[in-house]
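In structure tokens below, several structures.
In what follows, subunit A forms one complex with subunit B and a second complex with subunit C.
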Partner chain A sequence: MSVEQQQENPETRARQHWMGVLAKSAGSTLQQHWQALSLEPEYQFIRQPETGLTMLRGRVGGSGQPFNMGEMTLTRCAVRLASGTLGVSYVAGRSPQHAITAALADALLQEDDTQALLQHELIEPLQAHLHAEHQQRAAQANSTRVDFFTLVRGED
Partner chain B sequence: MAVSSHELIAGFADPVQASQQVFRSALKAMSEPGTLMQIDYLQQAPKGLDLSTWQLALSVFDPDTRVWLSPSLAASDAVVSNLRFHCQCPLVETPAEADFAIALHRELPLLIELNWGTAEYPDRSTTLVVQVPALSDEAYWTLSGPGIEHTRALRIAGLTEPFRSDLIRSRQRFPLGIDTFWCCDNRLTALPRTTFIEETC
Partner chain C sequence: MYVAVKGGEKAIDNAHALMRTQRRGDTAIAELSVDQIRQQLPLAVDRIMNEGSVYDPELAALALKQASGDAVEAIFLLRAYRTTLPRFGYSEPLDTEQMQIERRISGTFKDLPGGQILGSTYDYTHRLLDFSLLASGEAEVAPAEANALSEALAAGNSCPRVLELLNKEGLIEQSRETGDGDQIPRDLTREPVNYPAERAVRLQNLMRGDEGFLLSLSYASMRGYGDSHPFSGEMRTGRVSVELVPEELGFPIEIGEVLLTESEMVNQFHGSKDLPPQFTRGYGIAFGRAERKAMSVALVERALRAEELGEEVLYPTQDQEFVLSHTDCVSANGFVSHLKLPHYVDFQSELEMIRRLRKEQGQATQSKTTNEEANA
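Moving on, here comes the complex of A and B:
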């Protein structure tokens, strides 16, 4: 079965972005920010959080032939709010709570009256946190960089 | 067809336990043909599917199960979306390609259109799941064969004449054949290819 190409529109792109941030953030950091908001939406599970393996596929240089890189653990969940909005999450690791919170946040981010609040109070701080972590890791890696210089040989 | 999110309904509350219990019921129905089983692990099914059909689907379908749906089920957004979301099963165009075919009693495919398996691999046949208006143990059919000590009575409502005689005659092609599940509301029974059917009324 081939993956259908999603229609690229700003709404899809925005949702991809926040789902990415929710999935990549550490469970504890997400929980901390989520609890600070003290939102307690009413919801029902469409799919209970369940943990499984998924195959990661990569392409050499981002454009070569696809290859199977390895498997990772993943937890997924789907919830429906009382208003009918569906929230879905796929997060790394085996934390059901992380998956539930991410799914709830995804659903609330699609609701007009909570979107701005969550973008501002949840996604932006998490994004900043991720960015800082990334910078720090890049800086650590950078300090071990070895530069090789090749002297240009003169013409014989 | 993409999954439409507003049609999705909840799956099993406890997927591991419930799907094993449902599988156990399906196995009992298949091994003691004509036994009426009641399965109640869900209160809601997608519009168009009976509770028993939906629970059977949730417990046995997976991404490697090819499923064919009879025309009005295939046209139902609720049925297709929920099967794709919860079971991730590929939906096929013709009953002959399917591992499982789900049909309403008034849209039954001809038995000959299904996959009967081959002499080497009779187990690769299509399993037919039919939703019927009524199921009971009234003595319309007398069943006998493996899994039945003497005889067992069964009534499946809503089957047309050519289909009934096709089903009864299909026993002559053993080991090839079609195994069938019959669903009505939250009840289910099964008639594997080994069961002889005799019409009493």
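Moving on, here comes the complex of A and C:
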């Protein structure tokens, strides 16, 4: 399947969404919600958590040709559940625990019997948390919006 | 020429122990934690990330602590650490138009769509020392409740770029030709810079360049040693999502967010035989909240486009080789600092040469005087 075809696939879209939520959530918040679920799935590492760098790319002028901006730390991990389902994570930063939990959650979210539970008890609360932070920053920024007074000069 | 010098091991060990003692300072005063540095000295941390060329606030804060607050030393530490990590590919190009704006100002349009958002800034402060901070009182913080959100901000809609307003009239150059596909940019951490360097490589170099050097070059070019006195079309700071395509998945996923500052400068351009008069752009971007850096990058970036725009290259700021080969603070610091290494033998030889030359000159003068006396 080509990249475009995969992105069109609703299952892929759902997976992209939860992987994004798991990666963007603070490690401590993720851990807190994960531990509250008391899940202890059997798994083995396909790839132990490994920290490395990715080169961030920007665009000249914001929308022009790509250029290399500088690197960013990230940690990746891959696990296989007893059922054979693979869970993968790529998470900004250097936290092995964050990467392991995100990979496990990714695997369980692909399993029919755990998907609904994790969506409701993990992804939705984390998403709400991210949204609240987003709104908080938006409100702070908005409080500094300038309202100009315009003085009318001349005839018109 | 350097000669191996032995016998300093004990002194070096003790010097390093002394450095650690001095770094700790008075033990009656609580030790500074890396979290405190990260939270309370974020602008210093951002500078380390920019010139260290690694986005990781915790590592940058650690480096700053380890270096006793010496920015260049901390940058060196971060650069050294990055060489120990494997590279997991490249991100998708970040879409800064989708930035969650926390600050956005324009020096060219008052009523820009989306509005002027000041965010947190030192601009407009009176630069009076605040002695309440010395008295370790609790600092005044922003009120929790804020104005009603504008719809755009609340919905997290992207703010259109200010310069696109000019683009609609065709008064400003496009940042890319229509129909141009993405080219893979050269990576100067993998291959050396060749001159003339393409725009992508110049930007990568400037982004990790020394802030002071770039600021001074910008200042010089605005004062007349260059042809760059632009308008600040837009400056924006905010968070941008980072996406990459893992090989094993084959589709893009978000891995986190980065805080960025972007600057777009609008410069006059009188046109050439191929191009009508129009505005041109200088582009700058930096990690974190780093306006001075982003603006300096944009100013120098535009100055370095002189050749491609058919402008005469008259000043150092327009000279790629002069600018790009001297931006790096780790290289610059290394070369200047190497003078501290023993140069005993070099110096001995120069000392002897000077003595010999003086002696020869003395003899010549003496014999000349003797000859003149004899002739008199």
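Keep in mind that, in the parts below, the second predicted complex is superposed on the first by the 134 of 156 C-alpha atoms of A that agree within 3 Å, B and C clash if a C-alpha of one lies under 4 Å from a C-alpha of the other, contacts with A are read in each partner's own complex, and residues count from 1 in each chain.
The rule we apply is simple: a contact is a pair of C-beta atoms (placed from the backbone, for glycine too) under 8 Å apart; a residue touches a chain by one contact, two chains touch by 3 or more.
Note that this is a predicted model, so its numbers are computed, not measured.
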First, second, both or neither for A:Gly61, with subunit B first and subunit C second: second
Touching partner for A:Ser143 - first (subunit B), second (subunit C), both, neither: second
Which superposed partner A:Glu50 touches (first subunit B, second subunit C, both, neither): both
Which superposed partner A:His120 touches (first subunit B, second subunit C, both, neither): neither
Subunit B versus subunit C as contact partner of A:Arg80, first or second or both or neither: first
When both partners are placed on the shared chain, which of subunit B and subunit C touches more of subunit A: C
Contacts of A:Gly70 with subunit B and subunit C, given as first, second, both or neither: second
Residues of subunit A contacting subunit B in one complex and subunit C in the other: 1, 50, 78
Subunit A contact footprint on subunit C (complex, rising order): 49-50, 53-56, 58-59, 82, 85-94, 96-97, 100-103, 110-111, 115-120, 142-143, 146-150, 153-154, 156, 161, 175-176, 180, 182-189, 199-201, 203-204, 207-208, 239, 241-242, 244-246, 248-258, 262, 264, 281, 283, 285, 287
Subunit C-touching residues of subunit A, taken from the complex the two chains share: 1, 3, 6-7, 12, 16, 19-20, 23-24, 50-74, 76, 78, 88, 90-94, 134-135, 137-146, 148
Sites on subunit A touched by subunit B in the complex: 1, 4, 44-48, 50, 78, 80, 84, 86
Touching residues (chain side subunit B, partner subunit A) in the complex: 2, 5-6, 8-15, 85-86, 90
